[in-house]
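Multiple structures follow.
Next come two complexes, and both contain chain A; in the first it sits with chain B, in the second with chain C.
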Partner chain A sequence: MKMHRRTLLALALASGLTAPSLALAADDTIKIGLLATFEGPFTVLGEDSERGAMTAVEEVAGTVAGKKIEIVKGSSDASPDSAVRAARKLVEQDGVKVLIGPLSGDEGLAVKDYAKTQPTVTFLNGASAAQDTTFRDPAPNFFRFGTDGAQWMAGLGTYAFKDKGYKNVATVAEDYSFPYTQVFGFMAEFCKAGGHVPSKSWVPIGNKDFSSVIAAIPENVDAIYVALGGADAVNFLTQYQQSGGAAPLIGGSITVDQTVLTAKGKLRDVLVGTPSAGPTADTNDTPSWTKFVEAYKKQPGAFPSPSLFAHAYYINMKAALLGLDKVGGDVSDGGAKLRETLSSLSFETPTGKVSLDKNRNAIADIFLTEVTENEDGTLLNKLIKVVPQVNQTLGIAEADFTALGAVSRDNPSCP
Partner chain B sequence: MTISLQSTPVATQPNWLDKIGAGHILLGIALVLYPLVASDFFLTQIGGYSLIFGMLGLSLMMLAGYGGMVSLAQITVAGIAAYCIAIFGDNNSHLLGFGWPWWIAAPVAILIAAIASSLIGWISVRTEGIYTIMITLAIATATFYFAQQNYAIFNGHSGYAGIRAPAFWGVNSRDPKAFYYLCLGFSVLAYAAILYGSRSTFGLTLQAIRDNPRRMRALGFNVTAHKVFAWFLAGIIGGLGGVLLVWFNGRVSPGTIGVDAAIDVLIIAVIGGLRHPIGPFLGALVVVLMQTFAIDLVGAERFNTLIGLVFLVIVFISPDGILGLWAKFKPNFSQESLRPGR
Partner chain C sequence: MSILDRPSSSGISGGGVSRRQAWGLFWLLVAALVAWLVFAVWPDWLNAILISKKAFVSAILNGITLAGLYFLVASGFTLIFGLMRNVNLAHGSLYLLGAYIGYEVASRTGYWLLGVAAGFIVLAAIGVVMQVVVFRRLEGDDLRQTLVSIGISIVAADLMLAVWAGGTYQIAVPEWLDGAVTLPVITAVRSNGASVFLTYPFYRIAVLAAAIVIGIGLWLMLNKTRVGMMIRAGVDDRAMLSASGVNVHAVFAIVFAVGAGLAGFAGVVGGSALSVAPGEDIRYLLASLVVVIVGGMGSISGAAIGALLIGLAEQLGLVYFPTYGVVLTFIIMVVTLAIRPQGIMGKSR
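For the complex of A and B:
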């Protein structure tokens, strides 16, 4: 029996796969996992998230409690599967004890489920904003110091009904958990105020042709609530403007952010005056915000103003660092002390005070904004008012809020 | 694939060791002992995952290598099995979930996947070459969008979550070691079946049809039936891979069966090499390792470029993939145990 060289090669390859398992972190460094979308449709948002997170790391000069911070990055493509795979690699292979991420709605739901199987790892949300990441069936080691998509809508429904006088509003939104949560947040207030939503359109992410959606919008609506992101928002707004649509718009949190407002073309005309709400506002002039913007701009490739993704990753990274600092960088007890500290952590952020509720979801200020044209012709979100300390149940008693039912395509409904 | 006449064995009966081949035995021992040295992460996320994608690649390799039909719909077939497991078994997405035990759900899922594969085959066998690729790509894309927008059966964008690998005979296959052996067992089964099948009457007929369908038709073979049956068999392997994939991920969503995933399977088969059933497993290993660790090598911004470059280099140096690379370094194997037809 001859020994084949090929067989030897196979053996050599196989032995390469048994590489040392968990490379133990040296005592003087602390590993933090950073999970964001560095590939796929949300790559730009993922890169801005990294800038936000790194702003927080650089604020403490890369050390916490005397230990050097080592950031290990994981990439997903916005699908839940890839997020869980990346999280498993960070936790099980790289051995991170603190993980920041993920970025988008369905990813957050999946990573929360994964978090339950890793009780010794502390998970802090990135920018993922689906309601049930923390509200229903939460994981005890998953924290969200950024707010959820429904909270981001605080004040907008009432503003649209009372100040703008819109009685009937149609909605157009992408078809996944984050826009469901946004529509939920808007309608919770708008319907309660007495408004009606006769038509809801859900479009797949990456949709190009909105003509059938536009045709399906009823004639008699006073305004259209649009919760689309990035290219989807630009495509819809352009086509809506071209089809002669005249109804005013109401924007979801990522619909009228800088990625859309900087787009060229006539869609600018339909955008001016669009009210929206979210965790940040471009014209916020508090010193803490301007200081944050300055720090953020030092990051390579930064936008003129940090996106809400940079903001959310900044807040969560900041919380993790504050928590680690308080426990002296000690996670040797499986992070129990760190999680205890985080649960009761309350701190000042560039956008006001943040604290957690019993589901470990943030209570924070929300900004009501309106798109205005600057003197130099650029569009930006002008701060209308600050809705202080919005909690996850939007100020409704928890039992009543739970009774509204889980966020979905059909809930809530007020035709 | 030419069958050389001079290699016809003389009267001496080969013993079982020669039949299986020394390479296979050593590889088998290495794979069985792998859990002794590997961490849980390397066991499931690299080992198990490579084996699962190796099986998907194998189902494509079988169609492409022996049947000359390059299919981009193998991930769709796997996805159908995965969705069937979610629908017939248990899930926590509050939709369907009939709660059948795994030993009914899994075979039914595989059967449905195989039937779906036959249907795809039946539609596409009338085409050849690039048109087969196009039509299967169209089917894969259509299925992806249908799954994404259908809420009654596929639960839309979020799909199904909370699917768990079964526990049976006192073995919990959610345990990394058990799951690895589960994947290994089925992979070996599929691999051996392909190896055996390629030398069977059907396998040889299929290869003859690949080389000259008109002559085979003239000889009285039912070319379409043979091709569709090949699709059915590939569907069984693909479905098996899909069942393991959904147990591995614990969830299935349209992202699982998207065009990216379809192309991944094609890359795995091409990188590995289409000439021998070991190819897809090698390809899967390389692809999984690259996708997992490239980000550590070059950072988050450019890691996909590195993955692409590595694939490009492999295909550039060796059009036959990794198998071809090996053959290049040792071109005159007379005793090759890893070659079909022997």
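For the complex of A and C:
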């Protein structure tokens, strides 16, 4: 009798344990992991990423190939270890087969390395834009349908030198892979055009007090190139304004993004007129962009215009959904078919055509912009020029581009 | 003590200088060097080593003003620990909440000072509630108090994220505190002979002044008033104080109110100088932990010295070796722990 009871108990336990996995295997839903920074200094950026991703999901009314899409969220705090932890949780506990993310540069490098250990899971980048996430030592199952930080700078260096007439520019940027990539992209053109960068300041991410950094910028520079994001950018700009900063600014892609332009405070005085470049432009008036903006604005808490994070997550989520649609939502083969489809996928996005190179990094249009004040007082990035179909080597032959060396604090250099 | 000391010290020193005089001479030299660095026009070789005089002097000034801010936060932390042996790891949350409340009040009423006052008063009240409702129940159970305070800080962080979202807020500094002042420090001489003077944000000087005034106020309260006497007695021997008829719970509540209020005050002041965003709670908690470990747990003057060391280390590190600047703070902590585990001004127990 006692034995019998115990057996029953064991059976009950066993069924209790297997039930969740049975539910996982249900055929009518498909799980997609969404990894972004929902905590830490890049929280605002992470929140907008989710809006972008959800815009793509709602475009297909939450179903793909007849299956219901279930989004499982993972949160990181912009540090590589937190991103890997969140990715592991999504892949190993929640069992997602498609993962969109992460958001920040170093996170991308770490998740790419993690991707190599999970060959049956398909990773699509979120908004992380370090060059070497795809350029050196790429993972075969990691795709980036958004462009990288150096690509985002296409056209800016030349514009600053030729049109704005800046000859000497100091840079201030955060000390990790994405700003290295951005500075690299800016300087590649700026130095080639004949400009000089006498001083580069690298500040730790999450730094609050920039006044000492501002004081250390040489006084004889024509402009300051700033590649800071989120709260860091707001702090720098406010303190730059307080210290009576006179030199004009040149913005990194996320420095003049909607996540910063919508911040409250006096920083707008120093922002108006700042040239920048990136994967989006707020005043882009093509129908596909305006349609995207309308769809995006239906998301709760949306900005006046989608940030580049919303855009990047939208593009990658969209690519994942297109790929899943083509394979009929079937990832039972370890996603091999899906990845094959994604590799050759080329589609029209709100910002023009996107296709992948052999490293699975996007080739897409880049927008040269300038910050302007709208009639209603909001700040917008006005479109100056479109640089069509920029590839990861910025139009330089791949061998020559590789010879420039990996991005770092000291590379490139033209003092 | 002094009578016993005198013959021996004069005996050792003999005809030379005593240890005390040597230290005095050393500090005098340091002071002279700093004065020279600040007021002299730098030769080129020095500019080459230290980037520029402007960068160096600004970093020093920023370090001192940042120290003022750290002191405001850490003094409450150290006071609460000294008296109650309660490591309140929710102290950073009090800072952040104070900043948000200050922002709301200041932006709605348009009076910045009202925001500062609200930050202090609301947080002081919350501090009392925390002490009475939570910590009093766990009295004498240090570990549990610490764990509960971690729990409170996590819940508070998420609640604040829910209410104020993840955005970066900037509390507007009033007109009369805004702008830059020119200090009588020559940073460079132009080729035409004109001197370039150092300009510095007026608000930061005001923050430093406020920190000094509050520091002196705290010292006076602790050393010259009856409540201060009770607090000091409580720090030394809680049971004895209670036995001599003092209502220790009232003393605890006062200390918690002052400590939490100061954190809230610092939140508004700091949120105006820098900015307010999620994550600040952890940052200031960490800063005040390091400050009190270096300065000595439970000592106000220790908090001041610790804050000064950490503030200067952070700012000089940021300018001269930004990549490893963060490490500098912790090196100071490790060295302190190795040489003087109780902290610079701490008493060994």
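The rule is simple: the second predicted complex is superposed on the first by the 387 of 415 C-alpha atoms of A that agree within 3 Å, B and C clash if a C-alpha of one lies under 4 Å from a C-alpha of the other, contacts with A are read in each partner's own complex, and residues count from 1 in each chain.
In this section, contacts are C-beta pairs under 8 Å (C-beta built on N, C-alpha and C of every residue); 3 or more make two chains touch, one makes a residue touch a chain.
All of these numbers come straight from a predicted model, not from anything done at the bench.
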- Counting only touches as set out at the top, which of chain B and chain C does A:298 meet: first, second, both, neither? neither
- Query: Now for A:75: first (chain B), second (chain C), both, or neither, which partner does it touch?
  - Reply: first
- Message: With both complexes overlaid on chain A, does A:243 touch chain B (first), chain C (second), both or neither?
- Response: second
- Please work out whether A:88 is in contact with chain B alone, chain C alone, both, or neither, and reply first, second, both or neither. first
- Which partner does A:230 contact after superposing on A: first (chain B), second (chain C), both, neither? second
- Message: Which partner chains sit in contact with A:39 here, chain B, chain C, both or neither? Use first/second/both/neither.
- Response: both
- Regarding the shared-chain residue A:358, is it in contact with chain B (first), chain C (second), both, or neither? neither
- Considering only touches as defined above, state whether A:264 meets chain B (first), chain C (second), both or neither. second
- Task: Would you sort A:175 into first (chain B), second (chain C), both or neither based on which partner it touches?
- Result: both
- chain A contact set shared between chain B and chain C covers 39, 47, 77, 175, 204, 409
- Give every residue of chain B touching chain A within the complex, in rising order. 17-18, 22-23, 26-27, 30-31, 34, 37-42, 45-47, 145, 148-149, 151, 156-159, 161-162, 249-251, 253, 255-256, 258, 260, 285, 292, 295-296, 299-301, 303-304, 326, 329-330, 333, 335-338
- Query: For chain A, which residues are in contact with chain B within the complex?
  - Reply: 1-7, 9-11, 13-15, 17-19, 21-22, 36, 38-39, 47, 50, 72-75, 77, 79-82, 84-85, 88-89, 92-93, 106, 109-110, 113, 175-177, 204-205, 409
- Item | Residue ranges of chain C touching chain A (in the complex, touch as defined) | 51-52, 54-55, 58-59, 62-63, 66, 161, 165-170, 172, 178, 180, 199, 201, 203-204, 274-275, 277-280, 283, 314-316, 318-319, 322-323, 325-326
- Touching chain C in the complex: which residues of chain A? 39-41, 43-44, 46-47, 77, 175, 201-204, 206-209, 211-216, 218-219, 230-231, 234-235, 238-239, 242-244, 262-267, 301, 409
